[in-house]
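Following this line, the structures themselves.
Heads up, the next two complexes both have subunit A, just with different partners, subunit B and then subunit C.
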Partner chain A sequence: MREQIEEIPVGQFRHLVSERALNGETMLLNMGPQHPSTHGVLRLLLELDGETVINCIPDIGYLHTGVEKNMEAKTYQKAEVMTDRLDYMNPIGNNLAYVMAVEKLVDLDVPPRAQALRVILTELQRISSHLVLIGTWGLDLGAMSMFLYCFRERELLLNIFELVSGQRMMTTYFRPGGVWRDAPVEFEAAVRDFIKIFPRRIDEYERLLTKNPLFVDRMVDIGYLSKEAALSYGVTGPNLRASGVNWDLRKARPYMGYEQYDFDVPVATEGDTYARYIVRIEEFRQSLRIIEQALDKLPMGPVHSDNRKFVPPPRAEIGVSMEALIHHFKLWTEGFRAPDASVYSAVESPRGELGVLMAGDGSGKPRRVHMRTPSFDNISAISEMVKGHLVADLVAILASIDIVLGDIDR
Partner chain B sequence: MDKNLEPVVKDLQSKFGATCEEFRGEAQCLVKAENVVPALTFLRDDCGFELLSSQSAIDYYPQTSPRFHVVYQLTSISKNLSVQLRVPVADGQTIPTATGVYKLCMWRERELMDMFGINFDGHPDPRRILMPEGTEGHPLRRDFPLGYEEPQFTFNFDEIQLPKPHPKE
Partner chain C sequence: MGVEQKLGNMGVVTVTLENAVNWSRTNAMWPMLFGLACCAIEMMAAQASDFDMSRFGMELMRASPRQSDLMIVAGRVSKKMGPVLRRLYDQMPEPKWVIAMGDCASCGGVFNNYAIHQGVDEVVPVDVYVAGCPPRPEALIHGILTLYEKVNAMKFVEKNK
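The block that comes next holds the complex of A and B.
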C-alpha cells in the first residue's frame, strides 16, 4: 500500500495564500527542510498551480542556535568565537564585523599592518565564499564539473587560512585591536601563487558557464527583483548591485584602509538571476586587484595595538613584568570593560551588509549584540522574486540569492 | 556628526520631538512610539533614506520604563548618511508596525515579537519566526534563563551523576 502524503493544513496560512488555495484549486507543497537545493535547512511552503509558483512562504529557524543570547553571557574576547559559526562560508568576514564593532565601542586603534592583513584575508574569504556559491549554483543547474573546479581552488584558499591561523574554516584570527599573531613568512608567497593562478581559472569558469546556453537559458529573465523592491526589503550586497544600485560599503564608507586600494564596484541593471551571476564573477577580479595592491603595500610593524587594557601582552613579557602579568590576568578572567552605550558598525560581506549593533553595559560582557546578517533580509525578498516562475526556476533563484542558513537563523 | 546630517537631525527634533545624542560619530535619535511611522516616512520620502539597514531591539532589564529600545538603523544611499531612530517601549506596550514604510520590517518585526515579546500593532503576519510555534517566553529578554550545567567535581559528583539518565541493565 502506498503511504499517504500528509496534507498541509491551509488554515494557519490563510492570510498568506490566495483565495484559490482555500478552495482547493491550487496545491500547497512543502520544499525542504531536507532538500539539496535549499543550501541548508530551509523550508519553503509553495502554493502551486500546476508547476507555477503562486506564493512562496519561507519558514526559517531550523538552525537557530541562540548565538546572540550566548554572547551576552561571555566576555568580548570569548564571544568572538561564535561569530565564525554564523555565516560559515565567511567566518573571517564575520570576525571582522565583530571586532570592528568592539573596537568602535571601546575606541581602540588598529595598526596599519593588521589592517592590511585583515583586508587581504577578508578578500580571500570573499573569493572562497563566491567559489562555493558558483560551484553549488552550477551543481543545482546540472553543471557538475563546476562544483569540482570551484572546490579545487577553494582548497588553495583554505590552505592559506590554515597557514596564518592554524584553522581552515573557523579561524578567529582577527582579535580586538589587531590580529592573533603575525602572518608567517610563507604567507606572501602563498597568496602571490594564488593571485597568479586564479585569473586563468576565472576565465575557465566563464568559458564553462557565462555563455553556456543551458546555463544562460535558465537564468536570463528569471527572478527579477526591481531596485525599489530590493531597497524596501533591505536586500544588500551583490543582489542589490545586480538590481542597479551602486552601493558597496567598502567604497562608500571605507574601513580598514579600503580607501587606499583602487577597485571598481561591479553593477548590473537587469536585476535577474543572470545579472547576479555576472556581478559575482566580476567581484572575483576586483577582489584579486585589492589583494594584489594590499600585498604590495603591506607595511611592516606591529600587528596589534599596544593598548594593554584591551590587548594581552606578549608571552615573553609576562615572566619579567609584573604589570604585564596583571594585564594578562585581568584580560583573561574579567575581560575589558566597555561603556554603557551602543554602536552600529557594518562591513560588506560577500552576501551584503553585515552589521553589528553592540550595546555595552559598563561591565566586561555585552548587554546586547545584534548581528544584522544579510542573508536574513535577502531571503525575505524571495516571495517577490519567484512569483509566476516554475518550481525548477525557484532552484536557480534560491542559488542566486546566496543564502547561508547559519547566517539566517543565527 | 556628519555636516549633511545636521539638517535631518534638526527636522527630527522640530517635527517629531526627537531627542538626539551622539556617540562615536553616530546620531541616535529617540522618538515616541506614536511618531515612529511618520518619522520613518519622512526620512524615506523627504530625506532620501531609501534603505532601512536593520531593525533590532535592546533590553535594558531591570530598568522597566522604558524597558526596551527598538532600534531602526537607516541608510541613505544617495547622500551616504546614516541615522539611528530609537523608540523606547515599556513591557507590554504595543508600537505601530512600520511594514507599510519598509518591507524589511515584515521579518524583523516578527523576529522582535518572537525574541523580545514586543508587540507590533497591525503586523500582517504575526507568527513566530525563529523559535518553534508553542515556545513559552521570549529568549532574548535579559531575564530569560540561559541554561547552565553545574561543573562536576568530587564533592558534588553524586549529586550531579545520579539524576542523569542511565542505560537499563
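The block that comes next holds the complex of A and C.
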C-alpha cells in the first residue's frame, strides 16, 4: 500500500490567489517541502510575476507529530519528554514552559537554586538556538563560514548541557518542582569559560556579517513588517522587537526570578530583515549578561521541592525509608493527581511567546495540553513580508523569521 | 601516503572491478540535504567543524535527489510527509541507500500515535538504522561507516537483479 501525494485542484485555493493566477498571467510555483532554504519541511505556494513574489501561502503540517494528543495519555512527568521535541532548537525552553504550567496547576514551589539553574540553562539554550539560526542564515545567503563558526560554538554549549543532564539536545533536565539533579561541580567553570570566550566570538560574527556589503544588500529594506501588522498577526519575540515593539515576557511578566537580573531588551525600529538580525546579535550579549549575573549569585541549597507528593525522593532515601519507597513507586507508576482546573503559563522562547495551556481533570494525566507556539504565528506573517520581493529575497526573509517546523506543526 | 607508496614504481594495481567501484562509491557518497526534525540539527552538527563528515567523502550535501545517492532520514516522518519522502526516494538514481537516523525514523520513537509513521521502513527500504534521540554525530558517522561496510560487500549481480 502506498499513499499518493494529494494533488490539490486549483479550485481549492482559488480564494487565496489573485485572478491573474487563474487565467495564467502569473505563475504558481511550489517551494518545498524538500527545499534547502525552508528550514525544515515547509511548503510554500508562491504566486510569481516573473521573479517577483505576489503572494506566498505557507502549507504546514508536514511535521505534524500529534504531541498534544500523545501527552494526554501520559502522566505529567512522562509527558514532559514530548515537549523537548516540539521546538527542537529550544528543548530546554520548552521544558521550562511545560514544568511552569505543571507547577502552576498543582501549586508547587521551586527552590531558588533550581530557579537560577533554570535561568542559566534557558539562556544558554537561547544562545544555542540563535547560533543555529545565524549559522543557517549565513548558509542561505552564501556565507558558508558562518555556519562552521556558529556550530563550533554550539558544541561548547551542548557540552555544558551534556554535563548537567547527560544528553546533548533532549535534556528533560527541568522537572516539575525543580531540576533532575544538582549541576555537577564542573558546571560553573564550564559556563564561566563560555562567558569568557563567547563575547569575542560575537565580535567575530559581526566582523564577518554586520557590515559585509554582500550580506547587507540582501537584508536591508527586505521583508518589511510594520509594527501594526506584526501585532495583528500575533508575531512575538525578536521578530516583534525588530518591528519596534518593546515586548519581552522576561521583562513584561517576569518568571523564574528574571526580575532580579539586569538586562536590556534589544529593540530595532526598521522592521526589516537586517533589523531582525541585529536584534538577535544583541540578544546574544544580553543573554550572556543574564547568565553571568545568575551565576554570580547562584544560591546553594536544594534543587527540587521537598513536597514528596510531586517530587520523587532521592535514591538514597528509598533504601531506608518505607515512606520514600511508597512515594517513589506511586510517582513513577501513576504519577501525581492534578486538580480539575486549567492554567496558562508562558515563557519567552528564542522565537517568541511559548505558552502552555494545561487542563487537569483530577486524575494523573492531563485532560488537554495545548501549546501556543511562536513560530506558528510568526510564519503567518510571511505573506505580509514577501509581497513585492524577489524569490531570492524570500530565502533571506524566511531565515529571518526563524521558524522551526516542529514548533509550527507540533 | 596511500596506494602509490605501497605500489612503489610498479604503476600497476590489480583489483576486481567490483572492489574498485565499491571503494569509489564509499569515498564519494553524496547525501541528500533532507532534514525533517531534531535529528537534522545533529546531522548538520556532523557536517560542521567539530565532526566534519567530509572526512568520509561526504563533502557536500545535494539538495536535489537526482544528484544524491544516500538519503539520511533525519527525524520523524509524518503521514503527510510519507508520500513526499517516497517520491524523493523514487527520484534518486540507482544505486541508492537509506539511513534511518534516530529513533523516530527507525521505529517511531516516543511518538506512538496517529500522526507518525512507526519507522520510515514503512515507506522506503532502509539499509542502516542509527539509534538515539537524537543520535550523537559520532553515532551518525558510525552508521555511515557501517553502511560503507555494506557497500563494500556489494555484488553487482545481486544489485542489478
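Definition applied: the second predicted complex is superposed on the first by the 401 of 410 C-alpha atoms of A that agree within 3 Å, B and C clash if a C-alpha of one lies under 4 Å from a C-alpha of the other, contacts with A are read in each partner's own complex, and residues count from 1 in each chain.
Heads up, the rule we're going with is that a residue touches a chain if its C-beta (ideal position, glycine included) is under 8 Å from a C-beta of that chain, and two chains touch if they have at least 3 such contacts.
Just so it is clear, the structure is predicted and the values come from calculations on it, not from any experiment.
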{"item": "Fit-or-clash call for subunit B and subunit C when the two complexes are aligned on subunit A", "value": "fit"}
{"item": "A:Met170 touches, of subunit B and subunit C: first, second, both or neither?", "value": "second"}
{"item": "First (subunit B), second (subunit C), both or neither touched by A:Phe263", "value": "neither"}
{"item": "First (subunit B), second (subunit C), both or neither touched by A:Phe187", "value": "neither"}
{"item": "Subunit C, subunit A and subunit B - angle at the middle CA centre, rounded to the nearest 10 degrees", "value": "110"}
{"item": "Touching partner for A:Pro33 - first (subunit B), second (subunit C), both, neither", "value": "second"}
{"item": "Contacts of A:Arg152 with subunit B and subunit C, given as first, second, both or neither", "value": "second"}
{"item": "Subunit B versus subunit C as contact partner of A:Glu353, first or second or both or neither", "value": "first"}
{"item": "First (subunit B), second (subunit C), both or neither touched by A:Met89", "value": "second"}
{"item": "Touching partner for A:Gly66 - first (subunit B), second (subunit C), both, neither", "value": "both"}
{"item": "Overlay on chain A, subunit C to subunit B nearest C-alpha distance, Å", "value": "6"}
{"item": "Subunit B and subunit C footprints on subunit A, overlapping residues", "value": "61, 64, 66, 69-70, 409"}
{"item": "Residues of subunit A that touch subunit C when the two form their complex", "value": "2-6, 33-36, 40-41, 61-67, 69-70, 81-82, 85, 88-89, 132, 135-136, 147-149, 151-152, 154-155, 158, 168-170, 405-406, 409"}
{"item": "Of all residues in subunit C, those that touch subunit A in their complex", "value": "33-38, 40-42, 44-45, 48-50, 63, 65, 75-76, 78-84, 86-88, 110-116, 133-134, 136"}
{"item": "Subunit B to subunit A touching residues, read off their complex", "value": "23-24, 26, 28, 50-54, 56-60, 71, 73, 77, 80, 82, 84, 102-104, 106-108, 124-125, 127-132, 139-140, 142, 144, 146"}
{"item": "Touch list for subunit A against partner subunit B, complex", "value": "12, 15-16, 60-61, 64, 66, 68-70, 72-73, 104-105, 107, 229, 231-234, 236, 245, 247, 252-253, 341-344, 346, 353, 355, 357, 359, 367-368, 370, 372, 376-377, 380-381, 409-410"}
